[in-house]
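One structure below.
Per-chain residue numbering starts at 1, and chain names A, B, C, D and E are given in the order in which the chains are listed.
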């Protein structure tokens, strides 16, 4: 009867893949599948490695492959990285396969794995669903996955086209409080980056930080990956700064044009103003809509001020002349009878011009470039 | 034969992981997996905790991590939050593990969990698929998940750039009527918010509400999370209000320009009108298309009215002069023969101007700023 | 030996959760899980309730929560609704639990459920994956789910900003022909709608319809949910109608301006034409691109016709004058020698003007508003 | 002992749902589930119906419900269709249920199903995940699913707004080479289409084609569904052709305007040019960006040529006059002293005008419409 | 009792589909399902084919069906391809089915399959979820899938509309280091491409490359698929180059226009400038925003320089004349009294013109085209 029982027992064990240690020792060379099954026998997936003991220490490291996009409108970034967790699980210690340093196991659902998550991530993908679960002889476990995420990070665009912002990824355990699990960066160099594919920014700094967060459900260990990015501003120099500078410089041509040639001078200024507006409209859709002025928006505003001032200056010449000529005309109305009105007004105009308005132009020829240089010094120094 | 039966029984129990209480007591220290399995033995997942009794009370609480977007075009918002449910399930009371306050279980499919849903949500995600299921010694259960949702909430944009809207998330049970399940906010403070990442709005108020909804399939308990957001209007002051103010102020320059300098005065007004139109076109794509006028659209319309009025005023001067001069010319046609037409007309023009039109300009210099200040007072007070 | 057999039998039954009726009667109070399992024992999921008999009658009802978007470009709409099916399955009749009206079961894969689908839906989601499956004592089954769908429905935009369109959702069985399953609306009121969140349309009508569709694989019962939506046209009145009306009214100012002031009159008309073009460009991207003219596009076209006509009228004055003066000059060439050409031409011009052109203006002052009023009456009545 | 063994055997068979033929015959009326299970007993899902024999013939048919979008920018189309496959699987022949023509089975994973795929599809959805698997008495199998796909098909836009393109869907087996599986269209009429919801195109032709494709992994049978679509060009006639025609016609007004009225004539032409540019800009974003000129882009280009020519003609008049007058002035410089320069120049100008320039205008009045009619005849005939 | 044991054993084996070799040999013709199950008996899925031995060699090949999009803004590309892996797994050697070259198996989860992934892919889809797993008699395995991916590849747009870029797909093993798995291209021709559907680019080159990558978790074998694409620049010639050339050529007309006709000459230049700006704005949204100037942006910039220069040249004529005439007027102020100011100034102007400004025009007529041809030679050669 014992024979039957043993047989049945064996069958059941076979059925569930449990190869008891006695049997496996008897076998000449157990396969990895059998080893894996023997490891899982009596393994309690609900218990973390150091159950009823100290918090488990999970060491993380990241290697950033790519930062495909930093969206300045939604203040979010996309990141493509390898994420690695290392911890120690004594229950998975397996001395049996002496010739192997470690085994790679493609099952993650059957053992305890830290439940880390990215607190500020809005979307998390693993494009090919690959992962690596490596069990070392001495019980160390390495779990690595590739993530393509989209996360939010508040940025400051006050110095917009030359801004330097820190994007941050927050990593935390979802269920295990800090007395059950501690997350640590593996080392100082555990945040790596492949800068090959990051063309829009200069990587200034990669820093790691660790802290503990207090929520209503308990205190949780949290680590931060911080990347400081300095925007390469050349794009904006080419497409925003340069055309506006050219337009402002061209607007000063008007000070050398005879104010009597109204159409010429007005035409020039209006054309430049519209070109500047079209130019701003052209790349404006790419820019963030913010509640505060950026360095670039200041630049644009001040160039519009310069352009408008040239227009106002021209208006002033004619406003002053207009008022004077009317006064003059009212005084000398009788004498005007003989000679043509146009001529006399024009003569007056010429006088006015040589007396007042052209002085305005002469002053502008010096003052406008002067203020512009001054403004530029202040802008580029500050 | 009994021996065989017992053995088989044991095998079957093992097979299904059922560790009967007698056996577990015999074991020195049962693992959490075994405890969990013993809890589920005889557990009826179809029955809610208080089956055949009072409604189950589910206490909810929310901690909002982020409101990444409030889309004013589709009247929807995105929200990233921790959602927690607390209830009591006596069947999960487990006195066995005396040294543990609670256990964390990563299986939610095997026990009864409230089937709450977000009534007005269009999309619901859980980026990392994390959740926390905590069983307390005394039968209390805590279930927490992180959601990234997109929900609709009707907003009122009548005061658009300074509007204050309440966004609301409706939470209800899908299958359990109010005599079977009651949803309650855990406490007054059970709606929390991390305002760190909300830059476009000021959080005015967080309120919670509870009610019962009547549908054709029964009455359901429903709770509401209400967040009152006040828009930070600075963006619109910088990009819409300021440029329009400047443009209107510049349009008044025209009242000082001699109306005879048609090209100058017209050029100024047309340029300003086109600049204003381009400026409005530039940020118009960001604004909601609504069936009613917003505070901002009123502002824009009225500035266009001011700009057009300056143009019309200029037209009027010339229309009046035109009619008068024609009358004059018809009367004095013979005398005109000798002197050049231009001169005489111009003289008339000058007279007309000093007599009528310039009076219009003189009036405009006072009336336009006056009405503008008046309009501004009304606009900003109301 | 019998004992062993019974034991084994019992074990197997336990294993598969089959609680035979004899046993369950013996037990004091069977749990719902056990009842459910006993119902499924011998249940044939492949057979519809009235297999080998009359067609099953599935009664549907819908409660529309929201219509977030009606996309006039792709002629599609989004809809968020509760969808309920009711049918009778005698095999699920369960008299055992006398104290319960019905039980809620969270498993739908194990029983027969109608395979209805939305024929014109392009995307179908169930945001929280909730559903309700309610088994009544007498065998009635209620299955309710929430769907967020995007479906296509051909609309007619001939009366565009005041159009009234019927959006239709077609519901059909995928596999069961009409001799196997009949779909019916539960009652006249089985199509409900929560109009709270529908701001762009007025709900005119909710109608239901039933029919049978013939395909190559058989005839299928189909039901339709039809919602007639009347667009709230205010948005278009504010952003399209009003500005164009203002622009056309302003264009008539030109008829009072002396045609000799070419720059003034031309400047006014050109500015108005460009403003109208910019204004149309501004909201044009929101409008459907259709192969036929809408009421709005007619309106826009006709306003451009009015604006262009004012320009053409002005050109005509100068073309007529131009031709006449040339004829005149050719006749009087010798006499012109003494007096300045400009003066004489101008005089002629004045004459021409008083003779011909101004007559055109005088006529236009009456005819343009006249035709405009006429056109408006026709447009708004038709 | 035999009794126990039989019992156990029975239990195991029950456990796996295998109802041996002997037993089922004994039962009065076997359920469809039992029939299904008996069919699957000994069914080898890995073997295609005619394993070790001739290729299986899979007959396909399609019924297109909708073509929601033909994206001319990405040269892709969306299609919503029922896809049906018919084949013969002798192993599924079931004579048992004599009263039933066929049974509908909602399990497709358990039997062999052809692994057809859409070669040029980029996205494949089945919105409600419905399918129909119908087993006929004689072993015929009908499998039908609804697909919403997005596929690419190279189109030719040389005749753009009146183009006629064939969109093609390629259907092939992924794993079975042509000596194992042949795909055929069921009949000539096996490609159907519901034209009710296709508003932008006229369906010219539906054709089917069969061929064999050679790849490095073997030769595969492939069938093609080809739909020839003729674009309804009315949209483009309304929004592109008509406004440009009007603009060109209006540009000819300038030939009747006295060239001395520079501002009037230039103003007209510039306004028309800008209006045409805005109009093209308005619908340009909807058009494909192609490496070759389309019929529409030719049309637009040529209208810009006509508009520019009118401008150049006007410039030429003044350039010729300018040169002549300068020559003239240099010759008669002394005589000019007395009379005003303007007058004399104008007289010269008048002469020049009557001599040369106006001749240009007179010619243009005939030549421009002439060439335009010619161009239109060529364009619309070719 | 042995009988029972044997029976039970048999049952268990049946239960798990394990047909021992002895039995299968006894059967006349085993089905493929049975063969497959017998192959999997004792198969260790965790061990790669050459466990404890040399690295497995995985030979890959790709056949690109389509490159639907090369996004120059995000520097990413979409690719639709068949991906094939070939390796040798002795454990799957099956001599039993002598009449079959190979069997196709639709299960990939049950055997060891290389865990290759696309390192730079952001999204990976398999539209129809098809794959092919072919087991050859001698143990060779062929695994083929279709992928639609979106991957990033850094491109250089310095020669933008005529640029030639290499897009690269990196393929690597996720878990197996190079001492465990080596990836190789099957042959030189193992990267194929169906160029039928690639219309925007000319395929210059398809190259393959193999290397080893060193990461902190070990060294990994990696292969590269490199496709060199040459953009077809015709689109840009039609929509950007040609209109700008026409505009610049037309701007030279102005040198033949009398500078006194300010409005004509200015009108022409301003119109051309605005048309060029609108034209650039029109296709600008399609272009990449880069931190460096592309060939196209250089072309555009230089055409704006040419257009602006023509405007500046015109301004210079009037600035020089303006200064001179003022000087002149101040000298001859008394003599001016008698004759009209306009005339005399005009005469001076004529003199100035014939003396200075027109010389500028005369020079420009030669210099502008000269420089333009020079610039074009440099641009097109370089």
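Going forward, a contact is a pair of C-beta atoms (placed from the backbone, for glycine too) under 8 Å apart; a residue touches a chain by one contact, two chains touch by 3 or more.
Note that the structure is predicted; figures quoted are calculated from it, not measured.
What are the chains that chain B and chain D both touch?
C
Give, as an integer number of Å, the spacing between the C-alpha centres of chain D and chain A.
37
Report, in whole Å, the distance between the mean C-alpha point of chain B and the mean C-alpha point of chain C.
Centre-to-centre distance between chain B and chain C: 23 Å.
What positions in chain D touch 2 or more of the other chains?
1, 4, 8, 15, 263, 267, 274, 278, 281, 285, 340, 342
When you draw the chains as points and link the ones that touch, which shape shows up: line, ring, star, complete, or other?
Shape = ring; chains linked end to end, path closes on itself.
Can you name the chains in ring order, beginning at chain C and moving first to chain D?
Read from chain C toward chain D, the cyclic arrangement is C, D, E, A, B.
Please name which positions on chain E make contact with chain A in the complex.
Against chain A, the touching part of chain E is residues 1, 4-5, 8-9, 12, 16, 42, 44-47, 51-52, 74-76, 115, 117-124, 149, 152, 154, 174-176, 215-217, 262-263, 266-267, 270, 273-274, 277-278, 280-281, 284-285, 289-293, 297, 308, 311-312, 315, 318-319, 321-323, 325-326, 329-330, 336, 340-342.
Which chain B residues qualify as touching chain A in the complex?
Listed in rising order, the residues of chain B that touch chain A are 3-4, 7-8, 11, 14-15, 31-34, 36, 61, 63, 65-66, 68-69, 80, 82, 84, 99-100, 103-106, 125, 127-128, 130-134, 142, 144, 146, 148, 192, 196-197, 199-200, 232-235, 238-239, 246, 250, 253, 256-258, 261, 263-264, 267-268, 271, 274-275, 278-279, 281-283, 285-286, 340, 342-343, 346-347, 350, 353-354, 358.
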